[in-house]
Amino acid sequence: MRGLTADLQRFTRKATRKAPSKATLTERYSTIRRYSEYVCEPLATEDYVVQPSADVSPPKWHLAHTTWFFEEFILARYYKNYTRFHPQYSFLFNSYYESVGTHVLRADRGNLSRPTVEEIFQYRGYVDEHMHWLLRDFPAEALPILEIGFNHEQQHQELLYTDIKFILGHNPLFPAYRKEIKETPHNETDHDFISISDGRYTIGHRGSGFSYDNERAAHTVLLKAFSIRKSLVTNGEYMQFMQAGGYQRPEYWLSDGWAWVKEEHITSPMYWHFTDGTWCRYALSGLERVNPEEPVTHVSFYEAAAFATWKGMRLPTEEEWEAAAPQLPWGLRWEHTNSAYLPYPGYEKPDGALGEYNEKFMINTMVLRGASAVTPENHSRKTYRNFFYPHLRWQFNGIRLCKK
Amino acid sequence: MRGLTADLQRFTRKATRKAPSKATLTERYSTIRRYSEYVCEPLATEDYVVQPSADVSPPKWHLAHTTWFFEEFILARYYKNYTRFHPQYSFLFNSYYESVGTHVLRADRGNLSRPTVEEIFQYRGYVDEHMHWLLRDFPAEALPILEIGFNHEQQHQELLYTDIKFILGHNPLFPAYRKEIKETPHNETDHDFISISDGRYTIGHRGSGFSYDNERAAHTVLLKAFSIRKSLVTNGEYMQFMQAGGYQRPEYWLSDGWAWVKEEHITSPMYWHFTDGTWCRYALSGLERVNPEEPVTHVSFYEAAAFATWKGMRLPTEEEWEAAAPQLPWGLRWEHTNSAYLPYPGYEKPDGALGEYNEKFMINTMVLRGASAVTPENHSRKTYRNFFYPHLRWQFNGIRLCKK
Amino acid sequence: MRGLTADLQRFTRKATRKAPSKATLTERYSTIRRYSEYVCEPLATEDYVVQPSADVSPPKWHLAHTTWFFEEFILARYYKNYTRFHPQYSFLFNSYYESVGTHVLRADRGNLSRPTVEEIFQYRGYVDEHMHWLLRDFPAEALPILEIGFNHEQQHQELLYTDIKFILGHNPLFPAYRKEIKETPHNETDHDFISISDGRYTIGHRGSGFSYDNERAAHTVLLKAFSIRKSLVTNGEYMQFMQAGGYQRPEYWLSDGWAWVKEEHITSPMYWHFTDGTWCRYALSGLERVNPEEPVTHVSFYEAAAFATWKGMRLPTEEEWEAAAPQLPWGLRWEHTNSAYLPYPGYEKPDGALGEYNEKFMINTMVLRGASAVTPENHSRKTYRNFFYPHLRWQFNGIRLCKK
Amino acid sequence: MRGLTADLQRFTRKATRKAPSKATLTERYSTIRRYSEYVCEPLATEDYVVQPSADVSPPKWHLAHTTWFFEEFILARYYKNYTRFHPQYSFLFNSYYESVGTHVLRADRGNLSRPTVEEIFQYRGYVDEHMHWLLRDFPAEALPILEIGFNHEQQHQELLYTDIKFILGHNPLFPAYRKEIKETPHNETDHDFISISDGRYTIGHRGSGFSYDNERAAHTVLLKAFSIRKSLVTNGEYMQFMQAGGYQRPEYWLSDGWAWVKEEHITSPMYWHFTDGTWCRYALSGLERVNPEEPVTHVSFYEAAAFATWKGMRLPTEEEWEAAAPQLPWGLRWEHTNSAYLPYPGYEKPDGALGEYNEKFMINTMVLRGASAVTPENHSRKTYRNFFYPHLRWQFNGIRLCKK
């Protein structure tokens, strides 16, 4: 994780950065799998279970669901005479379970006290053991799925961070996750704008490295000249917006954004609390004063767009962002773009069971680019397309300004 | 608990039945307190945390809330220089917390992973230790509150059973709570009706034993003659109602009851599942076939009233029930009555902090009489008035028929 | 209507008061039917159509539904070869239509622009014409249903007043209904309490006059002594409650009442507006200053109960109210009682189609006694049991205090 | 309206087609204003009032709101000493009224019986009269706003058609609007695909004619080659999708689309009813059998996308649509595109009060291109961007397929 202190970073680096190029598949498998467990290390058993929002999953669910992926798509198909760990886990840890037998259970994930955390670690152990046997002589045809399995688990590692933050940060006791963790381990303080000239730019993923289907096909677009800021919008700038009545004045807001502000009584970024005359915020390291120099985070697309309008600027499109990316520092926050998440020209849905992985979400969401401080080290690239509904804030997202 | 096997009953008997008369206060305190923990013994840590319905509280909340009662109403007032275990627990484990500091947290109980179960047991230990010191020379003026504290904890012991059943019974793995526990440890199979003659009957609590404010003042009522059935309605009889289209025919239902059936898609008692051509039900001992001889349970007032209408009979009023009680076996299920929960003539609200204990719920709920198999042994009497909203089913309730 | 000025009262008196004793059935039928139309006279066509709340019905629906009652229960059964006015009206103007043919329409009454008002008046004319023929030689067996038809239409006349007030009073232009109408045509200003001694009282309807099934069987109850106030609670008194923080302090409220206050942001009786430093209220005669001498109206049961608690008093039960009725002036407001609407001992559901008329509502509602200024003149008696959900306010209801 | 028969078309043609080029401003103003009233001619007074869905406005509201536009943005600014018709109409007929005085009214538009239809026609007359005086010597600076006023009223003319259809089509009596009106006055039956070659295409509005801000700036895009079908998807083809289990199989649906299908129980296009073994649909001319040759209409974006997926094809983007438009017949249905409604490169928000006209809706909606049979004749162009939420169906929309 980018936000870890030196010591933790060493673990991460070993776990991920070097892995894809040099490590054997087995090492890579182990390192990725162990990192998920490392993320959960500071948790109490109780923290694994709850689900304080429908957008959040219980950590134990993440641990089981990523395991189920390897069991379902690899072991059940390629491991001869494989016996599943438990007959109902496929139902429980599939992303979209709705019914059991002939009757429907309205069991939200956060209502399931069983299987216990210990049982889920046993499940992980069982699957890992079988995977290790299989990895000794791994079938070539399954390599693409294995690669998806690695990336899938990394995605859930980031979700573990955001969901754990939500669980602890919405507890009235505000327990710290890890006192030494930094959400802004480095910072860009140059607020200048970079000029990007008009012209043809290639957008999307090329080459042989891993990418998701939604990053393809690579294609050429024409862009007009624009400027984009080197640094992200800071907490200090955002507080100016708040002081200028940003949350009270509909003229800055998209129509649906204003409805959201009124209905949800939004008056500040998520995790901010005004206590004794000071703005504090819950961070993974605990409750602390808002630092005006750090990039603002946990703001929705609606807030990002309203802030940009108030500034007389705008958010970049995802194509502009990608064109500018080589000249920008990034990796601290997922950066809101003014692009809807839709298929690229020439997009092709993958065959088979994994076909629904991305396409079906291509509606009603907006693209975020970059990566955040809790994105696993080698799980980011400039063509990566993240996407969330425009009101969501629990990810480590931020605002990059653009003009003209 | 009435439903326990012989061995468990011995524990219970020691814990409660003898207590009021002979045991010292300290023994009684210990026994009641230990029984709450005994009820939770079979739970995994995860089971203490979840809240699958707004009507259910996490077991750890019950354990803490009953402890808070003694801390708030006894130790904080009568123990010299008492230091609270934790400054925020009063806010967390009060029944009606809504805000922390100056900001509101929408933290449902089931979203709170902290304090941990272990911390709550430490809290119990801390309060118990101080209570034991205080009980050595307990202030006479606090005795009535102590008595309420005992009864309050016993009420929550019953809620622990019903809430644990809900938590485990809504889990797709249907884990048993205790395999040896019986929800119908004894049964009345005589379906005859007893005649109660018309006349004057005294209703409500008299004498010096403990009672809640809602059982007073004792008063005389005039009743017309009626008949009431010795046995409760059985699962077998209820299945006949279902087969006769009971859930499809509005003419049997109260207007709000029919709306509830349609909106919630109700087709059977709670915990029933139709699997492979057979009706099964989840019991504290696990998933099992419905036994047609046992009393039906987990039916709402609406279902009880519809069943009685279908039978051409009716539910008793609470006054009729109390008049007949000496001639009835009872204690297996909370029995629905056709009486709204309202104050008796001459009702007086207690002074002080405990004044709101009962009166404010005297609206929109219906009275249930008797006791259930999970009611603590000496926590029942014929004047006891239980009350729930007419759609609720998670209590161990049942149907007693009445006619003319 | 009690609140009408002299001129209007003459109409009413002719229409209703004398009718039951002397008029022929035909005269009585005509007078009652014409009075419904008289109530609607001041309406614009548009006012007949809208339904600003689920508790309110469009006036044209009331006019058609009462007509449908005579068509369905009398003409269709007793008029030889009767042809219905329109094949779908039975579906449209039945109280509980849910589906048309094989598909479900979510058509709320207020969404139905057709049939037009003119068509509904044609429907009334058609049914009236056939009824007049039938009334010349009316079948004796249908007389009880005819009587219900009369009373049913009178009930809807009162609902026409309350629903019209809601429609016009929730329009930002606040149009007057009739400028000359008085909601408090007379007033009781004696605030003394009357003592009612303890003893046996007969409750419920006896004798040969018309009554609803819910007023029977007459039965004897034992009451303890109590006092009850001659006058209703005034606007002035209610404003004191508001100034004392009545709507901000949970200790006065029933639990569900407090939840209702918070969720609905209730801060005053319905139809009150604080404008330019003064409390105004919308009356049938238009927007006007609140008169502190008049009885408060449009308060829910929750508000009535909270006011009584604040005063250190209580609301009467319906039995107490009925016992005191001969000594009380009443007829200005429907008076909240602290009794749930439940069957009397010996209650018998009528046979046949009208059987569901009352019984199925005997849950979740509270009894109101008396009559209001807009109750048709001879549609009130001391045994009359009105009933509404405890949060409803659009009826002309008020508060009578009781103590001990 | 495109769907009118010859006689009606003559009116329309006079009203709109010739207007922009030759008519004086006064003639154009009159013709457009009279056309709104012509659209409402078949309505009963009651039809003007209701609002059976939040997406629909009562016809009288459209008539008043378009009038308010001229009063607010032209008369109040440019007519010397203008006196508004009514002091509260500005509040009532502004699109976004939320409060009156100091208190909030939850008055949905469909709850407002006043002002009456007659009063609104008087309002129109009053504003028209003043506009006619002003148009004799119209201030040049107000011409752009006048042009917007014309286009604004034309937009509402189309909404009048769609909203009237909703009002009458959701009435169980299914009254016809105009028996002679045709929703498909002409039809394209050639199902061939046209090939569009790859290359640079200019998108957006150029030249001096009227356009909305959202059609600008014109800009160049690179498109890959694709094929697009000449004809729209027919009812017959759509019925094949239904028969193939289209509404039961999640694999064809976007994630949010599938959730919508399940939650809203969608099984066919809007206005379709399966009666006596046949699919019928409500059209402006009344209830009639579905004609398999006509283009399917009243399908949401979700349905359009699912149909295309089932066909193994896709919807065009708005840029593809615009590039192909010169070779396509169009104007029967608003055609769903797979483009989100977002600003074009170089988009500039207009100054002043009209600035919020378009931009604030640029989120969560999808673009529709073309025009429908009820679009006013000269209110369509190939750069026109219509937009609706992806679940909405009450517009006359349809499906055009695209491949590769």
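Chains: A, B, C and D, in written order; residue numbering restarts at 1 for each.
Basically, a contact is a pair of C-beta atoms (placed from the backbone, for glycine too) under 8 Å apart; a residue touches a chain by one contact, two chains touch by 3 or more.
Each chain and its UniProt protein: A, B, C, D = Ergothioneine biosynthesis protein EgtB.
Everything quoted here is computed from the prediction, not taken from an experiment.
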{"item": "Set of chains whose contacts include both subunit C and subunit B", "value": "none"}
{"item": "Result of counting contacting C-beta pairs for A-D and A-B, higher pair", "value": "A-B"}
{"item": "Relative orientation of copies subunit A and subunit C, as a Cα rotation angle in degrees, nearest 5", "value": "180"}
{"item": "Cα-centroid distance, subunit A relative to subunit C, in whole angstrom", "value": "58"}
{"item": "Inter-chain centre distance, subunit A versus subunit B - centres from mean C-alpha coordinates, in Å", "value": "45"}
{"item": "Approximate Å spacing (C-alpha centroids) for the pair subunit A, subunit D", "value": "38"}
{"item": "Subunit B partner contacts - residues on subunit C that touch it in the complex", "value": "200, 219-224, 251, 253-258, 301-302, 305, 338-340, 342-343, 345-346, 356, 360-364, 390"}
{"item": "Touching residues (chain side subunit A, partner subunit B) in the complex", "value": "44-52, 88, 91-92, 100-103, 105, 107-108, 110-117, 167-168, 170-173, 175, 273-275"}
